[in-house]
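Following this message is one structure expressed as structure tokens.
When the chains are written out, they are named A, B, C and D in that same order, and each has its own residue count from 1.
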Amino acid sequence: MSREPVLRVAGLSVRLGGSHILQGVTFDVAPAGVTALLGRNGAGKTTTLRAILGELPATGSVAYDGREILGRPTHRLVRDGLAYVPEDRGVFAGLTVAENLRLAERVPDPDYALVHELFPELATRAGQRAGTLSGGQQQMVAIARVLLNPNRLLLVDEPTKGLAPAVVTAVATVLARVAGRVPVLLVEQNLAVVRRLATDAVVVEAGRVAWRGAAGELLDDGEATRSLLGVGRH
Amino acid sequence: MSTVVLLTLTGLGLAALYFLIASGLSLVFGLAGVLNFAHGLFLSVGAYVTWWAAPHLGLPLAVVSGVAAAAATGALTELVLIRPLYTRHTEQVLVTVGLSLAGVALLQSVWGADARVFPRPEWASHVTGVLGAQVPDDRFLLIGAAVLVLVALLAFLRFTRYGLVIRAGVENRAMVRALGIDVRTAFTLVFAIGGALAGLAGILGGMYFTSVSPGQGVSLLIFAFIVVVIGGLGSVTGSAVAAAGVGLLQQFVNYYGAAGAGDVSVVALLAVVLLLRPAGIAGKAVAA
Amino acid sequence: MTVLAVEGVSWRIGAVPIVDDVTLHLAPDEFVALIGPNGAGKTSLFNLISGLRRPTSGRILLGGRDVTGLAPYRRARSGLGRTFQTSAVFGSLTVTENVALAVQARRGGALRAWRRGSDRDVTVRSAQILAEVRLEHRAGRTAGSLAHGEKRKLEIALLLAGDPRVLLLDEPMAGVSAEDVPALVEVIRGLTAGTGRTVLMVEHHMDVVLDLADRVAVLHHGALLACDTPAAVMADAFVQHAYLGEGL
Amino acid sequence: MTRFVPLALLVAAAALPWSTLDVPGLFDGPLNSPGTLQLLAVCLVFGALALGYDLLFGRAGLLSFGHALYIAAGAYGVDILISHYGWALWPAAAVTVLAAAGLAALLGSVALRTSGIAFSMVTLAFAEVGHILVNRDPGGLTGGEEGLPMRTAGLPDALVGVTNTVNLYWLALATLVVVTLVVHAVDRAPLGRTLTGLRDDERRVAVVGLSPYKIKLLAVVLAAALAALGGVVHALVVGGASPHVASSDLTLALIVMAVLGGAGTRWGALAGGILYAYLDQRLARLGGRLPGPLGEPLFVLGTLFVLAVYFVPGGLAGLRARLRPARDATAREPHPEAA
């Protein structure tokens, strides 16, 4: 892997209401495959993603394709191909499925073929209000919105949160396919999903990076997963 | 019977004014999170520009310029005063308070504190017989304008890209941004739309009351606030329903009750709605 | 004998069940850990128990008394204390003032408008609590300026000030660095062991759960999958699958 | 040492009527002329009103837009009891303040069902009813748009006549002292801490076992009583009640005063109120001589206010704290996030 990382995060710090949430987070996102951002609840994973996207005031450096992006407005970053699927999906409950997708179109020829191939269900539910969908279906809408456009990096925050096991598998399958075309920075708690998708892993703990390396290496080390993530077999 | 018809149409005429003011306020609040006290100023700007331009341009063009001036005031307010304060909502409210005080005083210094006779089309002074009641035609003007605006607004929200952005933004601003859309453009747009509607309300109000004064906007604004709270913040349909309810109640109680009872009853209605449904009729959660 | 009873409690948003027919009984002095994947409804269940939300159906009993319709502050006065997942302290008050507020909320006098500051016994009690959570060296700092781990300790201090019989701890270790975890575990152990207090704790940190809990309850999709001894729960294949995502 | 500054200012203010000093530009006549004393008395009343309002706004974080209602209740209440029913001043004032507190308890219990911006709107609506009623002159009680002049026969002799303006001045000063003592006592007492806690995290207040609703209601009632007291004295100082004291403009002015001075700080709102009232009256008097919109006091004050929000966050008190950053550790954070 001699290619340049697509995203270089260096010394990223966030202070909110007097507390230091991120304290110099540093890691790279490889130009292909899935980089998993791991850590316990409250460690600062979501904050990291939101700081990269310019949703939170941050200091340090974030280089995207070699250019500094910290401080640029969110919508510009997204237009430059930095797509975001937030925690809790951010689906517009009062809008229909079709409207949710239409809103996300950024290019003249959005890739509805791909979306309908991956999520055939969305075509049949086009006129349904997104708020009445199940959690899994809402997650599909959230991912589909992103896939309509050409992207250069996907930031995905806990896509399997609160989903039934079968749906988790379906979401993981979709993400595996997506990761074949575009690099993904994935926040995920379900380690089986991480094992299946991730090539690299970054573990955040109390606002700092506690571990970096190959995902498999981390997951095979029972002691490390337990001490870093607090989960694992006894 | 004829009294009931007259009161109903007059009440709906008043409701039309409330709706025009409230729908803009409600959209601005729903999308940008700003309680806009300067909304009453937009109304006065529309009315005064029309009053001033009518002798020079004729009434139809004067109305257009009044609405345009109010829309421009709205857009400018957003660009110059609201936008730099970003997410500091309390400060944004405070700035609109200051603007409203200063703006009304400015109008007063230019055109004086006294009420001015407002121009109206010839036919608006006629009456039409409806079910035995002699109804002044200006009622139909108000109601017709409000219905047109309601339909146009709903169509705009439903069928246009900006409408989609606004509806989505009312639900979740941050997510709209995260889809690569510059939601601030939509903010400016709703301020302009709100300004235009308020300006129209000011003009129609001027025709209805046959006069215009600098403080007129503020007193109408307060009933519009009530309509917005009852209707639910961010909901155009809610505003329409609540405006009709408030206008009718006010007229009927004012006629059959003591002087001022109508205004009191409207506030009583507000209290009842709040006790039963704190988020309003169609509202998303108000406390946030 | 049951201190806290959750009986058939459900909470729905529209048609979607967030908490689904949960029944749970906690005995005095018992320590129950509530685990489950993110989004399983753990915090929602806490909100129902503490009264920030009203359940769609079912009832909640505190010491045998039905509290389902009571406001949060009334439940707090009946001996129910809770912490929040993201630290909720009074940011512009000092650490001591935070605790004094909570002490007076319990003892009365928090609304007194005349006398200066606090009574002597309030001050003494506040200092005592701060010592218990090892935060006395921060007494004069404003709470908003504390480090994250210190805020978590202050939250526990606020909880102690209410002298609750039942404690709901929502991820007390969240955001706490690994080296601070053991100290915080000891603080929690100290305020529960042998005090007769009952604890329901959400925690992802399995070592902590296994260390502290008498029983482990597993929540998944809003429903209670299991509630048993830690060993039994960890051995349960279904739980392994649901919670740890094995066998995907 | 600085703790004696307020005391020194108080002594100076109390002794001011003995000074024949002429301050050209600032005042039209010498300090002890009736005109200047009345102007100063109005300033002191507004200092009291603004500080009382800040109990709600700056301390409890409640952005009420209807505070004028209680000021009007004070002004009209005492005026009506004296002028129409021939009551003596002191019982009339006491009954008026208590009644205003009762009214606040009633209306507050409804308005506090909402929070944030909706609370602001609802309080505004309630106050507007007051404004409308006062203007409608129900039963000839309020005098409608003309207002209701105070019937001087019902007043103690010491408060009647131009020569006794000095007594009104002292009354206004005493009111300011009373309001300051009350608000500062609350600041120091457990209640002050609880109010700040409420502003910081309402949910948290509930789970430590206090009812946020009751605390807010208490703050609303207390602030209303102080407002009514200020309204009573205002009516005495200006010789009656006029619909202006019931208008939303007055509430907005109170907000401007608090923010200009520094909301939530010890002296900010008080200083802001005095400054605002002074400028308002002075500009009105100079009005004819200033060009264009500058002749409108509200234009100047509104513009000043907008500029202050942008460039002097924290108001006068914030400015002072910025000049002396090490001091003033007790100052609370200025603007509560109401929305």
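As a working rule, contacts are C-beta pairs under 8 Å (C-beta built on N, C-alpha and C of every residue); 3 or more make two chains touch, one makes a residue touch a chain.
Chain by chain, the UniProt names read as follows: A, C = ABC transporter ATP-binding protein; B, D = Branched-chain amino acid ABC transporter permease.
Values in this document were obtained by computation on a predicted structure and should not be read as measured data.
The minimal number of chain-to-chain contact steps leading from chain B to chain C is 2.
The interface with the greater count of contacting C-beta pairs, when A-B is set against A-C, is A-C.
The chain with its CA mean position farthest from that of chain A is D. Centre-to-centre separation of chain C and chain D, using mean CA positions: 43 Å.
The distance from the centre of chain A to the centre of chain C, with each centre set as the mean of the Cα atoms, comes to 30 Å.
Taking each chain's centre as the average of its CA atoms, chain A and chain D sit 53 Å apart.
Residue positions 91 of chain C are each in touch with at least two other chains. Chain pairs that touch one another are A-B, A-C, B-D, C-D.
In the complex of the two chains, the chain B residues touching chain A come out as 161, 164-165, 167-168, 171-172, 174-183.
Looking at the complex, you find that chain C touches chain D at residues 50-52, 71-74, 76-77, 81-82, 84, 88-93, 97-98, 100-102, 104-106, 109-118, 158, 161-162. Interface of chain C with chain A (complex): residues 14-16, 37-40, 85-87, 91, 142, 144-149, 151, 171, 173-178, 180, 204-208, 210, 221, 234, 241-242, 244-248. Interface residues of chain A facing chain C in the complex, by the touch rule stated above, are 17-21, 40-44, 131-132, 134-135, 158, 161-165, 168-169, 172, 189-193, 196, 205-208, 210, 226-228, 230-234. Those residues of chain B that touch chain D in the shared complex are 29, 33, 35, 37, 81, 84-85, 88-91, 93-95, 97-106, 108-110, 218-219, 222, 225-226, 228-229, 233, 258-260, 263-264, 267, 270-271, 274-275, 278, 286-288.
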